[in-house]
Every structure is written in structure tokens, then in C-alpha cells.
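Next come two complexes built around chain A: one with chain B, the other with chain C.
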Partner chain A sequence: MKKFSNLRRVEGKSKVTGTALFIDDLNFPDMLHGITVRSPVARGILKKIHFDPSINWNDFVIVTAKDIPGQNIIHLIKEDWPFLVGERINHKGEAIVLLAHHDQQKLSEASTKISFEIETLPAIFTIDDSINKKEIIWGDDNCFKKYYINKGDIDLAFKDAFHVFEQTYRTLHQEQLYIEPQGAIAAYNELEGITVWGSLQCPYYVHGALTNLFNFSNEKVRIIQSETGGAFGGKEDYPSMIAGHAALLAYKAKKPVKLIYKRAEDLQVTTKRHPSQTTIKTAVDEGGKLLAMDIAFLLDGGAYATLSEVVLSRGTLHAAGPYFCENIRIKSKVMATNSPPNGAFRGFGAPQSIFAMERHLDNVARSIGITPEKIRTINFIKRGQTTATNQVLDEKLDFDSLLSTTLSKLKKDTKKSKHKHIKSGIGIATFMHGAGFTGSGEKYLASVAGIEAMDDGKIKILCASTEMGQGRNTIFAQVVSETLGIDPHHILTPAPDTLEAPNSGPTVASRTSMIVGKLLEHAANGLRNTLLAAGLIPEKYTEAKFIQALKIYKKKYGTLKSFHQYKQPEHIKWDDQTYQGDAYPTFAWACYGAQVSVNTLTYEIKVDNFVATQEVGRVLNRKLAEGQIEGGIAQGIGFAIFEKAIFKDGVMINNSFTNYIMPTALDLPRIHVYFKEWNKDYGPGGAKGIGELPLDGSGPAVINAVADALNICPDTIPYLPEDLMNDMEFLK
Partner chain B sequence: MNTQKIKIQFTLNNQETIITTYPMKRLIDVLRDDLHLTGTKEGCGEGECGACAVFINGELVNSCLVPIIQVDGTIVSTIENFASDFELDRIQESFINNNGAQCGICTPGMILASSALLMKNANPNEQEIRTNLAGNLCRCTGYNKILDSVKEASKLIRKK
Partner chain C sequence: MHISSINVYDAKNIHDVLNLLDKEPGRWSILAGGTDIMVQLDLGTWQAPNLINIWGISDLSGIRINKNEIEIGALSTFSEIINHPIIKKEFPMLIEAAMLTGSIAIQNRGTIGGNIMNASPAADTPPALLAYGAEIELTSKNEVRRLFYKDFHINYKLMRINQDEILTKIILPRTSNKTIDFYQKVGTRAAHSISKACIAVRLTMDKKTITDIKIGLGAVAPMPIRVYMTEDLLKGNKLSMDLIDQAILQIASEIHPIDDIRSNKAYRLRVAINLLRNFLKGLL
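Our next item is the complex of A and B:
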């Protein structure tokens, strides 16, 4: 089979010429602009809306909760998240009124002339206050979801253990910071219903949200993805909100309405990575072997349930790390607070719990006097052993080799600083990331993807998976062309349009290449078999013969499409009740290492070198895969030492690029990426998912290096110069 | 914006351009909304991300910070001036070859910033590239592939 592993990004040309059309680049005749007017308080009861009589409101399209024709609930997991405030306000910045007008200047002026009469209620902003029920703001106990995993008997194991170590670790909010702010355009007419164009990850999430919002049948809602300028999870659930708002305005105005967030608004109201608090208690023997792990993992979910329970699930399932231990207990909870809901961000809970475990192991190693490498080597999980959920790992698994590759590349670059006030240190993190949906997730989704032959002999990909920079177009074109044995330029990869694209599931969870790519591989085989059966191609054929066969088939029979639906392999067993079994079909395995230098006068932390070694099955397309890993690591380094979101009244107040600092080209080292390709049993051609993996280990590797440089124990990220200063003052 | 509209005349992508608009209107809005050149992107609107970069009289500037009145009589060049669809500029070609564009929203600005650098210094080292691109934020790539793209472009330019 001919491989196209060097295929260049298929939409690359439109991106480098600036002709790719992002949502704000689209315009329609007679289009209005929309704006959102929001709650100034974190919690309360909305009594009245005042429209200042100095404005001629007849000029404006005005929408409030009363205008909603269907259900005022964004359909996700638990049905609690309103499009617009009806009566109860649960976080600052919650949308109350929508306005539309031709003139953006008039629109923003008018938006300041609306005020609210609100009966303010006390709000809570911390996990502790939520657990202690300082106020009950959600359900009976503020808890969106909890999980409990138990393996062996930890109480017995803790008794008489050689060494018991307990510590709490925290991670704060992190913003996805896609460079293109969120936005959508909606149009309505009676015949076709609502059409939405948007910067989004999951067309069918938006579709589901809008059919409920309007009580429309499926055919009366159409969602089309525009070019999407980064997402990283941030455009998983929130686009349903913006699309809903634009659609409500368009429905009332009977004109297209464009709603694009300014950066400050985007940072203040859209979802972020859940803040976390993880307490780990471990018992080890004299040599450092883990005898028991007791883990309490807590997340701050914000005001509504949104995706929190699945974020919690993934964080919980990754909390014990890639280590074998007979006795494990994990208890986890996600709690309500009066902040905008926290949501998906690359890694989806795992970077939080993995940060805690990887810091913890270094702390344990230090307290019993062995090296960080040693404690990991002793405890690495091996083929045939079981995870916390009693999943038996049955694939090649050689963490020692991942570790030694990383260490060898890391040590080689180490230079001892000439300046006494600059201290250098090395840190590692070893971890895994489950590819695809958790447990029975893929089974329930039962995704469908397919391909269609066009009149001109080209093949069009039909699925709802989205391109957002990660390379969906290129990987799909590559998989289908490799399967059919034709050149990739014959493959068309249009952005999803729910009118024709079947639901291949959301573009999340490192599942697109592995799961949807595999469906396309099957679909391509199906199409080839159809041509074989029709006697139009022989077993071995040339590209020209194949294209000719397509055209003949089309002429004769009209259409030629081939779809494939996901079926969970029989051997995957998962119990949602007990949280036991095969949590993921497979994992990517990794060892990351960082070398840092810390200036003890200015407290500046610099990452001088970063090495990332991972096993990911077949690397489909090296440059794309490296790009994923490098970009994820940059975000992970940001998570560790740059990106601090400051919250007041439950919302981010450093809501600009000036105050929320993401790494620039000057802040990062060259990132060295190494792949191992051991286990090729999963996705197309043997690929595993890799999208989220790099975020998991980069934060703890960097912080472990800082700890190594200065002999300190940072337990909270982001860890900024001011935090380092405080810790060093404390040590004096 | 209660001020009077005024007439502004400038050279845009080699064409004489006259528009009548408010003096404080941002250049980015004139380009995108009035002249339908949407290759220039808005990431932050406050001069921090470089997605809106254009050349004014050969200098790289963030067009979200420039009121149109300052553009009167100048020569402005945007990403649309870079290459026709058929013949890609060497920098653009290198960005495609090296996966220097992922989501593509920072890319027009990155390409302009790279070109500003390569015009000054045809053979920059990695640190010089980092320094010169530090005003352009990219959330997707971690910058490795962008550095590779600029290096390859530099080679191609010098080979010419």
C-alpha cells in the first residue's frame, strides 16, 4: 500500500494566503450585528429589565428569555444551562438580553442603556465553600457528579507501611486562548428554518441545542462549520450558546445576524479548564514500591453542569498514573460555584490529576531518598498488569525505554550555569492518555462516517468531525487515499454541514484520527468492494482505472456512497456503575522531560530544553503529529509557569492578552519530539489518538524541574515569579 | 463617533485607494469591512497578538492600533498582496511545507512578520527569529514549525 505520510496540510494554501474564511470573514446581504447584555452580579433573582428611554428601541431587535419558542436549556448532559436568564442568575456575565442592529456603534451604545433590577443573593466561589454548603446553589448538595473507584484494600495496606506521605496539589483556571474569538452567524426563513455558520468543534451538539431551543424538527436546523481558528476544547460546548443567541436574534429579525465576541468578552464568559484540588496519600515500602494510593480529586465546575461530569471522569481515570499498585482508592467530585461553567480544555481533567500524581511521586522519592527516575522505574505498569479500574493492559508497554530516550536527550544538553544566581534543574513526568471516549462512550455514540463519489471522479468525505488546525482534513484525505490506492488530491474534505454530513461524533477526546479515521478506512474499503462486485475494477488496479470505474458506476447507478458505523469490539468491557473494566480501548504512553534555569534574583523561570517521547501507534503524518505534540506542550508550559487567570466575583478580570500571558516564541525552547510506534492495532493503519496527550505531562515536568533546581516543593500551578518569590522568602 | 467623515487617500496593495470615513476608524476595520480584505485577522484588538499585522510604508504595524487618519498618503500592503493563488511566495510555500500553519488564524500576521525579518536579515539564526516573531502569538504550534518555515524560506531566498 502506498503511504502518503508526507502529505502537506491540504487546506494549507488557503491559510497562508489569508483566503480561508473564518466566521468573521463571512458576510451576508442585509446582515445585522448582535450583542449580549449580561448580569452584573454573580447570583440573584432578576426582577426587571429597564430600557433607557433616551434610545429609540424600535430601531433594535431585542430578545429576552420570553422570546424563546422552545426550551430555554442548552441540551448537553444534565439539562440545566439556560440560553438566557429567565429568573435566576447563577454567575456574573450570564446573558440576559440580546440586541441586534445594522450599526455596531449604535449597538454598543444601546447595550449600555439597559439596566437590571436584581435581588442579589450570596454567591460562593471556592470548592471548599461549595463542599461545606456555605450556600446551596445547585441541587441538594452543590455536587454535579461524583465517582468512586476501589481496587484491593487500601486500609490494610496503609497499616504498617514503611512510609506514608500525604499532600494536596492545586491547579487554577486555564484559558484555551484560541486566537480566533468565538462567533456565529445565523439566518432564518420559514421554509428552511435556522441555518448557523460558526467557529465550532461539534456541529451536532449545536444542532441538538438549536432543535430544542426552537422546538424544530431535525431538518429545520442546519449547522455549517466555518474555518475555525483554534479551539482546544473551548469550542466544544460554548458554540451552542452563541449559535443559539444569534439564531434567536435572526429568528426575530428575519434577517441574518452575526455575533462575534470581543476578546475581553470571550475571556470573561466562555469556559475554562476546571480548577482542581487533589489530595494524594500513598504508602511505599523501603525500596519505593507503591503499596497503596488514596486519591481525592476535586474540580470546580462553575455554575452549570455542562460537560463537568465527563471532565471529572477522565481526570479520575487518569489520576493513578501509569503505575501498578494493588490497592487504589479514588474518590472524586465536581462542585458548583457561581462562575461561568468550566468546560473542555485539551486533556479534559487529566492534566489536573496527572499534575498532582507526578509532583507527588517526586515528593515521595525525595522523602525516602531515591531519585525521581528510580521511583518511577520501580512502579511502572507493565503488560498484563491492571490499572485502577482493573483494566488488563495487553500491548507492548516499555516505560523504561520511554524514560531512557527522554533522559538521554535531556542530559546531553545540560550545561551548568556560569552564574551563581542561576540554578538549573531537570524534571520528568511519565503518564498516559486514553484515546477515544471513556468506557461505553463510543458504543453509545455509534458514530457514522462515509465517503461519496462525485461526478468528476473525486471522492468526498462525509462526516461531522471538524478541522480546527489539528489536521483532520489532511489525515482523512491521507487515510482514504491510502486505502483506495489513489492520490490524495482526489479526495475532497469539505467542512461539515449537517445537511449532508452524518454524525461522526464530536471532535474531542483524541478520537478523530483513531475512531473516525478508522470508520473512513472501512468506508473506503466498502466503496472499493462495491466497484469490485460490479466488475468495474480488478483486484489490482491503477489510479486511472479506479477513477474511470467511479465515473462509470455513477453514470449507471446515480450515486455511490459508502458509510460505516462504529461497533465496539467485543473484548472491550466496561461497567458504568462500578467504574470497572476497560476505561479506554487503548492509551498513548509518554515520558516528558524539562530542563529549566531559575534566576534567584529576578525569580524568572526559563525552560531551556524540552524532550517529549511517546508511544502513539503508527505516526500517520510526522509533521502533523509533531505539530500536535509541540503545540500541546507549549500550552502545558503555559499552564505551569505563565497563564494565571485572576478571578473576582467569579469572573476573570485580567481578561485581555496584555494581562493573561501565554508563551511567545521567545518564552519557549525548541521542543524535541520522539515517537515510538509499538502497538498498531487500533486506528487507521494502526494510529492511536494523540491530541490531548502533550498537555498532560508538560506542566509537571517543568515544575518538577523547578523543584529540582531550588530544592523547593511547589504544589500549585500556575507557578509564577511572584509565587517563587514567596516560597523562597518563606525558606529564608 | 460624532465627528465628520473625511476623505483618506492611500496606496493599498499597489492600488490608489480613496475612502470616506471617520478619522478614528481603525485601519483593520477599513480593510476588513469597507474594502473586504479579510486576510488581516483580529485576535485581540489591543496590539498584543500580531494577527492584524500589515505593512505601512514598509514597516510592520498592528492595524488594530492605527486610526485610518494616520494612513492618509501612505503605502499599505496586506497579506492579499503577497501572492496570487497560482504563485506562492517562498515564505508561504515554506509555511505549507513545514506545517507552519495549523488553524491558520495567526498565519497572515506570521507571514508578514517573517517577511519583515527576512528583508532585514536574510539569514537569521533561531534566536533572531524568535525575537522578531515575539509580537505574533500562535496558540497551535508551539512555534517549532514556524521557526522551521522561516529557516527554509531564508534558504530559498538566499538561493535565488
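Our next item is the complex of A and C:
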């Protein structure tokens, strides 16, 4: 089979030359602009909305909760997140009134002329206050969801253990920082219903949210993805909100309405990575073998449940790391606080719990006097052993090879510096990332994807998976062209439009290439078989012959489409009740290493060198895969030592690029990327998911290196120079 | 203020600017590279609706080398300064400050005059200008006057400039003495970064005795400052560990950093101290 693994980014040229149309580039005749007026307090009861009489409000389209024709709830997992405040306010910045007007300046002036009468209630902002029920702000106990995993007999194992070590680790918010802020345009007419164009990840999430919002049938809501420049999870749930708002305005105005957030607004009100608090207690024997792990994993979910329980699930399932241990207990909870809901962010809870475990192992190694490599070598899971959920790992696992590749590029000229005040250190992290949805997730989704032959002999991809800079277009074109044996330029990869694209599930969980790519591989085979059965192509055919056959078939029968639906393999067994079984169909495996230098005068940390070795099945497209890894590591380094969102009253107050410090190219090291391709039983051609993997291990590798450089024990990220200074003063 | 309510007048030459400032003092503000104004407009914090655009007025830019001093037009961009061979040789801290400002796009557009007049306590060229003992030239329709830059900032965003004046030049005194310079910016990241602390020192030494020293600092007070008492303590004295310790105690009481969204008081103080101490120790 001919491979196209060097295929360039399908939409690369249009993005580089500026012809790609992002949501704010789209305009419609007679279009209005929208703006959102928000709660000034974190918690309270809305009594009255006051419209300043100095404004002629008849000029404006005004929408409040009262105007909602259907349900005022964003349909997700738990039905608790309103589009607009009805009565209860649960976080600062919650939307109360929507306005539309054709003049943006008038709009922003008018938005300042709306005020609210609110009975303020006390708010809570920390996991501790939420657990201690300082105020009850959600349900009976502020807890959105909890999980409990138990393996072996943990209490017995702790009893006469050689060494027991316990510590708590924390991670704070992280912002996704996608290229363009959240935005949507909505149009309405009676015949077709609502159409929304938006910068979004999951068209069918928005579709579901809007059918509920309007009580419309499925056909009366149409969602079209506009070019989306990076999303990182940030455009998984929130687009339902902004699309809903634009749609409510358009419905009332009977005109198209564009609603685009300013960056400052976006940073304050949209979802972020969940802050976490993980307490790990472990027992080891003299040699460093893990005997027992007791893990308490807590997340701050913000004011509404949104995707929190799924984030918690992934974080929980990754909390024990890629290590074998006979006795494991994991208890996890996601708690409510009065801040905007936290949501999906590349890694989805795993980077939080993995940070804790990888720091913890270094701490344990140090306290019993063995190296970080040693403790990982001893405990890394082997083929045939079981994970925390008693999933038996039946695939090749060669930790030594991951470790040695990483160390081979890391050992060079460390701990040698010309300047006395520069200290250098190295750190590693080993980890796994479950590919695809957790447990029975894929089974319930039962995704469908397909392809369609066009009159001109081209093949169009039909699925709801979105391009957002990660390479969906390219990978899908590659998979289908490789399967059919034709050149990729015959493959069309339009952005999803729910009018024609079947629900291939959300574009999340590193599942697009592995799961949807596989469905397309099947669909392509199906299409070829149709042509074979029709006698239009022989077993072995040329590209020209194939295209000709497509055209003939189309002429004769009208349409030629081929779809495939996901069926979970029989051998995958998962129990949602006990959280036991095959948590993921497969895992990617990795060992990352960082080399840092720390300036003891300014407390600045510089990552000098980074090595990322991973096993991800077949690497479909090397350039794209490397891009995913490098980008994820950049984001992980940001998570570890740069990006601190400062919160006040439950909202981010350093809500600008100036003050929320994401690393620039100059702050990043050379990144060496190595792939191992051991296991090729899964996605198309054997690919596993890679999108989220690099965020898991880069933070702890960097912080472990800092700890190594200075003999300190950072336990919270982001770890900024100010924190380093405090830890060093403490040492004195 | 929204950008659509801004009124921009494109001045043809310096007389045009001065006439307008003279006729309606207080009504007009200057638009140079616009790199600060643009951001403030976007944030909605910019208050002055009437701008005189001076971009492109050649009288205001250009670098002139005289026998005893270098005159830098206020409209000179960071890039123009970075590429000037004599500044590079004689005033390397100014080059370093310019190269650490924003990123290349900002350096191509941002001006040294704008950097001074925006009067951010965290601006990066002022500490270097202070350490070099720079002067500035202020011009109105009726007068051209010179002022030591060290006397220009009075408090947060408060400067000795009249409403009919414009900053026209920055003047750097040349010297044939052997000098030692030390400049360090400590920001939040390697580019596009606002200083958390910034220090610039120029000194002359005779054997181990400091004969002259000027220390300029950024982000440790409401404005860019010199630390005269610390300078006096070091000046005329033989460098020793003991003297350095005294100087450190002195500077700690002379600067007044604050806690804000970018950093905190303790860190700023500690870093300023560490950098000065380490620099002086290196001269022992």
C-alpha cells in the first residue's frame, strides 16, 4: 500500500496566506453585533434588572432568561448550567442580559447602562471551603461527582511497610489560549430554524444544546464549524453557551447576529484547566518497590458541573501512573466553587494527577536514597500485569528502551556551568495516556463516519470531527487515500456541517485519528468493495481506473456513500459502577526528560533541553506527530513554570496576554522527539492517540529537574521565580 | 475610550506640532509609535481624544554624534538605536535595553521618546539612561530647554513637562574614561515581557576604588529612579565585602517596590539586591 505519511497540512496554505476564514472574518447582510452583560458578584439572587432611561432601548434587541423559548439549561452531563441567569447567580461574570445592535460602539456604551439589583450571598472559592461546606452552593454537599477505586488490601500493606511517605501536591488553573477568542454567528428563519457558524470543537454538543434551548427538532438546528485555530479543550463545552446566546439574539432580532468575545472577556468567563489537590501516601520496600498507594485526588470544578465528572474520571484513572502496585486506593472528588466552570483542557485531568505522582516518586526515591530512574525502572508496569482498575495490559511494554532513549540525550554537559550562580539539574517523568474515551464511553457514543463520492470523482469526508490545528484534515485525507490507493488531493475534507455530517463524536480525548480515522478506513474499504462488487474495478487497479469507476457508479446509481459505525471490540470489559476493568482500549507510553538551569540570583528557571520519547503505535504522519508533541510540551512547560492565572472574587484578573505569561519561542528549549512503534493493533494502520500525551509529563519532568538542581521539593505548579525564592530562603 | 472617538491630526513638521500645542495646550497628546497607546485604547484606559501624529517627522528622529555627546531624536525607534555602531560601542546598556524591549515588531515601531513619556515605572531604557547621566531636551514654540533626565520623573506618571512642550531629544554624555557597565532586566519571560526588576550601573574605578557610580533602577518605585545614597556610600571608597554589605543595606532602604499582579515586593527587593551584590563582588 502506498503511504502518504509526508502529506503536508491540507489547510496549511490558506492559514499561512490568510485566506482561511475564521469566525470574525464572516459577515452577513444586515448582521447585528451582540454583547453580553454579566453579573458583578460571585453569588447572589437577582432581584431586578435596571435599564438606564438615558438610552433609547427600542433601538436594541434585548434578551434575558425570560425570552428563552425552550430550556434554560446547557445540555451536557448534569443539567445544571443555565444559558442566562434566571434567579440564582453562581459566579462573577455569569451572563444575565444579551444585547444586539448594528453599531458596536453604541452597543458597548449601552452595556454599561444596565445595572442589577442583587441580594448578595457569601461565596466560596477554594476546594477546602467547598469540602468543609463553608457554604452549600451546589446540591447537598458541593460535590459534583466522586469515584472510588480499590485494588488489593491497602491497609494491610501499609502496616509493616519499610517506608511510608505522604505529601500533597497542587496545580492551579491553566488557560487554553486558543488563537481566536470564542465566537459565533447565528441566523434564524422559520423555514430552516437556527443556523450557527462557530469556532468550535464539537458540533453535535452545540446542536444538542440548541435543540433544547429552543425546543426545536433536530432538523431545525444546523451547526457549521468555521476555521478554528486551536482549541485545546477550551472549545468543547463553552461554544454551546456563546452559540446559544447568538442564537437567542438572532431568533428575537430575525437577523443574523455575531457575538465575538474580546480576549479579556474570554479569559474571565470561559473554562480553564481544573485546579487540583492530590495527596499521595505510598509504602515501599527497601529496594523502592511500591507496596501500596493511597491517593486522594480533588478538583475544583467551578460553579457548574459541565464536563467535570469526565475530567475527574480521567484524572482518577491516571492517578496511579504507569506503575504496577498490588494495593491501590484512589478516592476522588470534584467540588463546586463560585468561579466560572472549569472544563476540558488537553490532558483532561491527567496532567494534574500525573504531576502529583511524578513529583511524589522523586520524593520517595530521594528519601530512601535511590535515583529517580531506579524507582521508575523497578515499578514500571510490565506486560501481563494489572493497572489500578485491574486492567490486564497485554501489549509490548519496554520501559528500559523509553528510559534509555531519553537519558541518552539528557546526560550531556549537565551540572556544569561557567557561572557559580547558575545551577543545573535534570528530571524525568514516566507516564501513560489512555487513548480514546474512558471505559464504555466509545460504546455509548457509537460514532459514525463516512465518505461520499462526488460527481467529479473526488471523495468527500463526512464526519463531525473538527480541524483545530491538530491535523484532522490531513490525517483523514491520508487515511482514506492510503486505504483507497489514490492520491490525497482527491480527498475533500470540508469542515463539519451537521446538515450532512454524521455524529462521529466530539473531537476530544485524542480519539480523532485512532477512533474516527479507523471508521474512515472501514468506510473507505466499504466503498472500494462496492465498486468491486459492481464489477467496476478489478482487485488491483490504477488511480485513473478507480476515479473512472467512481464516476460511472455515480452516473448509474446517483449516490455513492459509505459509512461505518463504531463497535466496541468484545474483549473490552468495563464496569462503570465499580470502576473496574479496561479503562481504555489502549495506552500511549512515554518517558520525558528535562534539563534546566536555575539562576540563584533572579530565581529564573530556563529549560535548556527537553527529550520526549513515546510509544504511540504507528506514527501516521511524522511532521504532524512531532508538532503535536512539541506544542504539547510547550504548553506543559507553560503549565509548570509560567502560566499563573490570578483569581479574585472567583475570576481571573490578569486577563491579558501581558500579564498571563505564556512562554514564547525564546523561552523554550530544543525539543528532541522520539517515537517507538511497538504496538499496531488499534487505529488506522495501528495508530494510537497522541494529542494529549505531551501535556502529561512535561510539567513534572521540568519541576523534577528544578528539584534536582537545588535540592528543594516544589509541590505546586505553576512554580514561578517568586515561589522558588521562597523555597530557597526557607532552606537557608 | 473607544478608538472611534479618537481624533488624529497628522503633523507635517515640528513647527506644526509646536503651533498646535501652543494654541491649544492640554488639548492634544502626542502619538509616536503608538505601541503603548494602542494597548491602552484596547483596554479602554486611554483618556485623551485628540492626538498629534508625529510618526515620520524627520526633525524628531535621527541620531547625531557630537564631540562630547550623542543626541538621539525622541522619535528614534529601538531598532534604529540597536543598529547604531557608536551607541553600541559607548552605551551598550541602552542597546541591551532596546534589544530586550518587546520583540522585533515592537522594536521597529516603539520609540525611545514614547518609552520615557509613557512613564511606566517598569520601562526598560530609563534605568540605562539614568546610569549614563542622560539629559533630555523639551521644546515648545517659545523655548528649547534641557533637563537632567534624573530630575524629570516626579512621581507615578508625573513629569516636569509643560502642556505646550514635546520631548525632542535624549542626550548622552560621552566620556573617554574607562567605564564598567552592568545592565540586567528581570522580566516574566524572554520576550514580550514587562520588567519585574531592572538595574543599570555605570561606574569608574581607580585600582579598587570606585571613583564614580550611577545606579538606575526600574520597577522598584513609582517611577524609574537613581539610588543616590547608595551611590554616595560607594563613591570614593575602596571596594570590599564590607562596603558591599553596607551598600546592600542602604539600597534595601532606598527602594520601595510593591506587590502587584506581576510579582511581589519581597522578590523585587531581593533580586535588586542580589544583582547589585553579585555585580560588585565580581569587581573585587
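In this section, the second predicted complex is superposed on the first by the 729 of 732 C-alpha atoms of A that agree within 3 Å, B and C clash if a C-alpha of one lies under 4 Å from a C-alpha of the other, contacts with A are read in each partner's own complex, and residues count from 1 in each chain.
Quick note on the criterion: a contact is a pair of C-beta atoms (placed from the backbone, for glycine too) under 8 Å apart; a residue touches a chain by one contact, two chains touch by 3 or more.
Model, not experiment: these values are computed from the prediction.
Of the two partner chains placed by the overlay, only chain C lies in contact with A:His421; chain B stays clear of it. Legend: residue contacts after superposition of the two complexes on their common chain; A:Met725 is shown touching chain C, with no touch to chain B. Once the two complexes are overlaid on the shared chain, A:Asn150 sits clear of chain B and of chain C alike.
Looking at the shared chain after the overlay, A:Ile646 reaches chain C, while chain B stays out of its contact range. By the touch criterion stated above, A:Leu666 is placed in contact with chain B and with chain C alike. Chain A is touched at more residues by one of its partners, and among chain B and chain C that partner is B. In the superposition on chain A, A:Ser108 makes contact with chain C only, not with chain B.
In the superposed model, A:Tyr603 lies in contact with chain C only, and not with chain B.
In the superposed model, A:Asn654 lies in contact with chain C only, and not with chain B. Taken together, the two complexes place residues 105, 656-658, 664-666 of chain A in contact with chain B and also with chain C. Listed in rising order, the residues of chain A touching chain B in the complex are 8-9, 11-22, 24-25, 27, 105, 176-181, 227-232, 262-263, 468-471, 623-624, 626-627, 630-635, 656-658, 662, 664-666, 668, 670-671.
Listed in rising order, the residues of chain C touching chain A in the complex are 2, 4-5, 39, 43, 103, 184, 186, 188-194, 196, 261-264, 266-267, 270-271, 274-275, 278.
Of all the residues in chain B, the ones that touch chain A in their complex are 1, 32, 36, 38-46, 48-49, 51, 78-80, 82-83, 85, 88, 92, 95-99, 101-108, 111, 126, 129-131, 133-147.
Interface of chain A with chain C (complex): residues 105, 108, 264, 421, 601-604, 642, 646, 653-654, 656-659, 661, 663-667, 721-722, 725.
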